[in-house]
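In the two complexes that follow, subunit A is the common piece, with subunit B as its partner first and subunit C second.
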Partner chain A sequence: MKSLFQNFRVLVALLVVSGLLGWATGGLQAADAATTNAVASADGHAHGVDGHVHAGGEPDFLAQIGYSYLTAYMFCLSLCMGALFLVFLHHLFDASWSAPVRRVAEQMSAVLFPWMLVLLLPILALQSKIYPWLSIDPATDHSLDVKKILFNRIAFNVLVPALVLSWGLIAHTFRRWSIAQDKDGAAIWTKKSRVLAAVGIFYFAFSLTLGCFYLMKSLQHQFFSTMYGVYYFAGSVWTTLATVWVVVLYFKDRGPLSQVISKRQIQDLGVLFFAFTVFYAYIHFSQYFLIWNAAIPEETFWYVGREQGSWKWVGFTILFGHFFVPFLVLLNQDVKMNPAIMVPMAAWAWLMHYVDMTFNIMPVPHPHGLHVTFWDPLFWAGMVSVLGYFFLKNFRSAAPYPLRDPRLKEAVTHHEVPAPGATVHH
Partner chain B sequence: MSASSKPYGLLAEFETPAALMDAAIRCRDAGFTKWDVHSPFPIHGMDDAMGLKKSPVGWFTFAGGVTGFTTGMTMIWFMNKADYPLVVGGKPLFTPLYAFPVSYELTILLGAFATLFGMLFLNRLPRLHHPLLKVERFKRATDDGFFISIESADPKFSAEATRQFLSVDCHANAVETVEE
Partner chain C sequence: MATTATRATAAHGAGGKATKHPHDVPPVLRVAEPPAELAREALVLNNRSLGWITEAIAGICEKPMPKWWWPVFLLSAGGMTMMFSLVAYLIATGVGVWGLNQPAAWAWDITNFVFWIGIGHAGTLISAVLFLLRQKWRTSINRAAEAMTLFAVACAGIFPVVHTGRVWYALYPGFLFPVPNANAIWPQFRSPLLWDVFAVSTYGTVSLLFWYVGLIPDLATLRDRARTLIRKFSYGLFALGWTGSNRHWCNYEKAYLIFAGLSTPLVLSVHSIVSFDFAVSVVPGWHTTIFPPYFVAGAIFSGFGMVLTLLIPMRALFNLHDIITTRHIELMCKVLLATGSIVGYAYGMEFFIAWYGGSPYELYAFKNRAFGPYWWAYWSMISCNVISPHFFWSKYLRTSPVFVWVVSIFVNIGMWFERFVIIVTSLHRDYLPSSWGYFTPSWVDVFTFVGSFGLFMTLFLLFIRFLPAIAISEVKNVTPQADPHHPLGGAKGHH
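Take a look at the complex of A and B:
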């Protein structure tokens, strides 16, 4: 606990410094932005892209780094929040099947603090390069003016780190109670977790939506979509379930989970992965369909921009790659337990979720079409590796599954039926 | 009922779910194919104990779903673009977008129908009577009785050997012949 608070103090200092840095760069660019704003509002609809994009449509060096970094960050945040949701889910439903896989999710979500908070620093430092609205005067932009209660620099710099910090604290609380139960086996830890889950799930839903609004949706601050948070959530849990499937199978084969993971856990994770394939499609279709049907310019511009140039094909890739292909592949029951299909499927899910994040973020600096830079894979691989390292470090620091969870016995008692030909003894 | 009629098969009663499970494993390993287990409630692991394979009912569901989806798409295309072109809300005459919710609902509807009727078809249901229902003790299958029935149509069935197998090897409490 003590070291946690020491880390915390350093973090707060770092956050303040990056916030100030971001603020300062924002001030430097204010003059530049003011001219662009005038042009944008004369155009009727300011289309998100503004002063940080040069005349040729190419973002400057720092902005490109910022957007590539943000894409990687949103991808990694997905895995953390998805894992946190699985912990919530376990306690909310008082589930037994997921008891042996819960520690994996707990350790995965625990990288939220301090690592996701640390990794947030470059975004805060580059905020003025990434988020066009930060340099726009609300007085000149009606769509920003009506949202300025949330979309102002102070709220952004306070709330975004606060949100990530709060998720980290929730994840750590669940993990701490779970590990405490390893020692004494007391039911109180389960009961406390249940209360935290029941209350926290509301906070989770609202805060995740707010976090998505700030980090991703505000890239085009004119956009409206109340479903945006659940859209990000659906893709996040989808990717996380594929990841947990592979991680759990790996630890089962490698030993730590071999005693507690049976066909049931693998199948249920596969079934949930399939369910979220459908859920994601349902949510994304609903968002698109409502906007398409209503055809209000304040909303349609977001998708119209994403039909320009090769973005159209990225959209189709999401439609088929994120939904139709996984849906048809996963339909069969046996597939959900077959590593030869599920491991490539999980890799595919990672790629598709990254494409989805790219589809949300990259049309802002590259409105004319998909533009992959060297920074994209670099930040993606780098951030995943760093977080993967800390996940493994977390995982080794405690028992690989909740040793004395009251539901564990129920989860691992599977019905051993002798294979045909085996003799039955009395 | 004439004396020459071939019996339907044998019905064996067991004391507990565990005994039933154990007997089911023996029947499975003995290689019977036309047999079944009857209990008042589902017993976890019984599928494996009986050596049951995955039900093919999923294929009915899939066929029903595909039919529903294509029906929805084709219907809306035909009605709104081919047969009677009508512009609604400035939208294209046909696009899979607005045809999707209807096609999706039809996918579920026909998928559900196909599941139900596929299940009934595979179970040869509905039927008005079954020879087992003539057996007095079989009524307990809905209360506290655990049973295994082996049909005489099974290639491995033999009136004497199978009775012996059920009462001695499987430790059945009682074995009785079921008339057709």
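Take a look at the complex of A and C:
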């Protein structure tokens, strides 16, 4: 606990430094933006598409790094928030099937603090390069002017770290209570977790919406959609379920979860993955269809921009890759328990979610088409590796499943419990 | 219990033995029993026998109806007659007998339609979605909820048809049904009103078949218990020769699963398409991308509200406390709390985006909702839908049937107001201030809506009179006796 607070102090210091750095570069950026805006097309400027793009049509070095980093960050944030949602779900539903897999989700979400907060620092440092709205005078932009209470540099620098910090603290609280129950088996930990889940889910819903508005949607601050928070949430949980499926199977085969994970858990995770495949498609279709059908320029520009050049094909890739392919593959019941199909499917889900994040972010610096740089895989692989390392470290530090969860008995008696004295075979 | 718990802890090294790594696999898995305070309550109380369950449920439609049934039935049938009379008056005279007019050309008619369609969501949700999620508690309430779905869809179907004015054109040769006619008038396939026709009729058909398939084993039970030839013939005809053989059960289970799979997307699609009636437009307050899931959540919310409104009195009047237990009521309250909160999120999101988007028209529409002439409707909606479910944070309140019943009425009221607020407050002040108006319902509006409850209740009362209101075979399936591995399992001692 002591080291946690020591880390916390260091982290706050780093946040302050990053914020100041971002602020300081903001002045330079504003001057740069003034020049850029003068040559940018009126339409492009109005929608923030060309705001940080050089005259040649490409972002500068730091901006490119910022956007590549942000894409990787939003991908990883999805996994953490999806895992946190699975923990919420378990407690809210008083579920039994998910008891043996809950610790995996708890440990995945626990990397939110401090690691996702630490990884936020470069975004704060490069904020002026990444977010065009930070360089726009609200007096010259109606859509920014109306929301300047929320969209200003102070609010951004305070609220975004606060949101990530609060998610991390919630995840740590769940994990701490869960591990405490391993020791004494007391009902109080379950009761406290249920209360936190019931109250926290409200905060989770609103804060995740605000978080993805700030970090991703605000790249084109003129765009508005009431569905956007749900859209990010649906994709996040989808990717997380695929990830948890693979992780759980890995640890079942490797031993730690071998006695508590049965076909039931594997299948149920697969079924939920399938359900969220449909849910994501439903949400994204609804958003697209309603915007397309109404054809109001204030909204359609967002999708029109994503039909330019090769972005159109990225859109089609999401349509088929995020929905039709997994939908058709997962329809069969047996597939959901077949690692030969599900492991590649999970890798596909990662790829598709990354493409989805790219589709949201990258048309801002590259409005004319998809442009993959060296930085994209580098940041993605680096961030996933760092977080994966800390996840494994967390996971090994405690029991691999909630040893004395009150619903564990229900979960494990669905398969044969070895007789006393039986030896374990691997 | 303490012994096994201690062993488990020691085996996993979480209790204190430093030499063991938490990830060492113990030779024997020992899992502690849950603490008594967290043990799940039984779904059928007092360890009732299978015979008792049959008698308690089948007995309702075999014995003469209690004294209250006839007055309530006559009152409901009177309401139904009133509604059909007013519909006849409307058709004979024209839609001018309603209070709607420009700019509010939709008002109580479509409000009532969406209200009833929403009510019709809980049945299939309980039957299909909760079935797929293996929520065993659904078995005590699914039958009545499914029946309620069908009756609500019947009520809903009336309003969009009669609101067209010349209903004979709507039906045949019609602009609602895809039947080409002599005047070459084809349906407008780009209109969401037409999508409604497909969505609602598909939903109604699949819900009816799903309900009927579930009824077959129970109809056979009633057939086998029948004491008169007419009853035996009637139930026997619809029981389709069910004998309860292994093969029958196998086919039944497969059919049930397929219907559950088919119904689940329908639950989502119907109200999503109903939401498109509004969201595809460019009307401030209507065009918002969250409408589809928001409408679905609202429909589940209102459907569960109505299930509670009907089942709490039914439970008391037919003494079904051991089958529809306090746990069932409590769980439904939690569903209300969850879906009411989702609806609350959507209300908040609409307001937030109206502000965030910077469109003055959108922002005005929402300010007008909350503080304009219909402020009373808006705040009634907020009070009933967003605030009232939060009483269910208290276990004491959600286990008090009377209190729950009162809140369920508020939910019904609130969800009607939600549709009224969406429709009327967005329409009554359009882009041209000179054409602004204030909608007031006529007496025909009011009594047609009141009469629709008569139709709904008449059908429901007939349902509990002639059909098993609770799924007998499904409730038996969740008793300990049905599980051969349970300490109280029926297979014990019978081998």
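Quick notes on this one:
The definition used in the following text is that the second predicted complex is superposed on the first by the 400 of 426 C-alpha atoms of A that agree within 3 Å, B and C clash if a C-alpha of one lies under 4 Å from a C-alpha of the other, contacts with A are read in each partner's own complex, and residues count from 1 in each chain.
Operating definition for what follows: a contact is a pair of C-beta atoms (placed from the backbone, for glycine too) under 8 Å apart; a residue touches a chain by one contact, two chains touch by 3 or more.
Predicted model, so just to flag it, every value in this text is computed and none were measured.
In the superposition on chain A, no contact is made by A:Leu62 with either subunit B or subunit C.
Once the two complexes are laid over each other on the shared chain, residue contacts for A:Gln333 go to subunit B alone; subunit C is not touched.
Contact with both subunit B and subunit C is seen for A:Asn293 once the two complexes are overlaid on the shared chain. When the two structures are aligned on the shared chain, A:Thr190 is found in touch with subunit C, with no touch to subunit B. Looking at the shared chain after the overlay, A:Ala399 reaches subunit C, while subunit B stays out of its contact range.
In the superposed pair of complexes, A:Val260 makes contact with subunit C only, with no contact to subunit B. The wider contact with subunit A, measured as residues touched, comes from C rather than the other of subunit B and subunit C.
Judged by the touch definition given at the top, the superposed model places A:Phe202 against subunit C, while subunit B stays out of reach.
Of the two partner chains placed by superposition, A:Val386 touches none, neither subunit B nor subunit C. With the contact threshold set out at the top, residues 293, 417-418, 420-422, 424 of subunit A are in contact with subunit B in one structure and with subunit C in the other. Across the complex, subunit A is touched by residues 21-22, 25-26, 28-29, 44-45, 48-49, 51, 54, 58, 62, 89-91, 97-98, 100-101 of subunit B.
Subunit C contributes residues 5, 8-9, 12-15, 21-23, 25-29, 31-35, 37-38, 132, 134, 265, 268, 272, 276, 279-282, 287-293, 338, 341, 345-346, 348-350, 352-353, 355-359, 393, 485 to its touches with subunit A in the complex. Those residues of subunit A that touch subunit C in the shared complex are 92, 97, 142-143, 145-147, 150, 179, 182-183, 185-187, 190-191, 198, 201-202, 205-206, 209, 222, 224-230, 255-256, 258-260, 271, 278, 282-283, 286-287, 290-291, 293-294, 296, 298, 396-400, 403-404, 406-409, 412-413, 417-424. Residues 285, 288-289, 292-293, 295, 331-334, 414-418, 420-422, 424 of subunit A are the ones touching subunit B in the complex.
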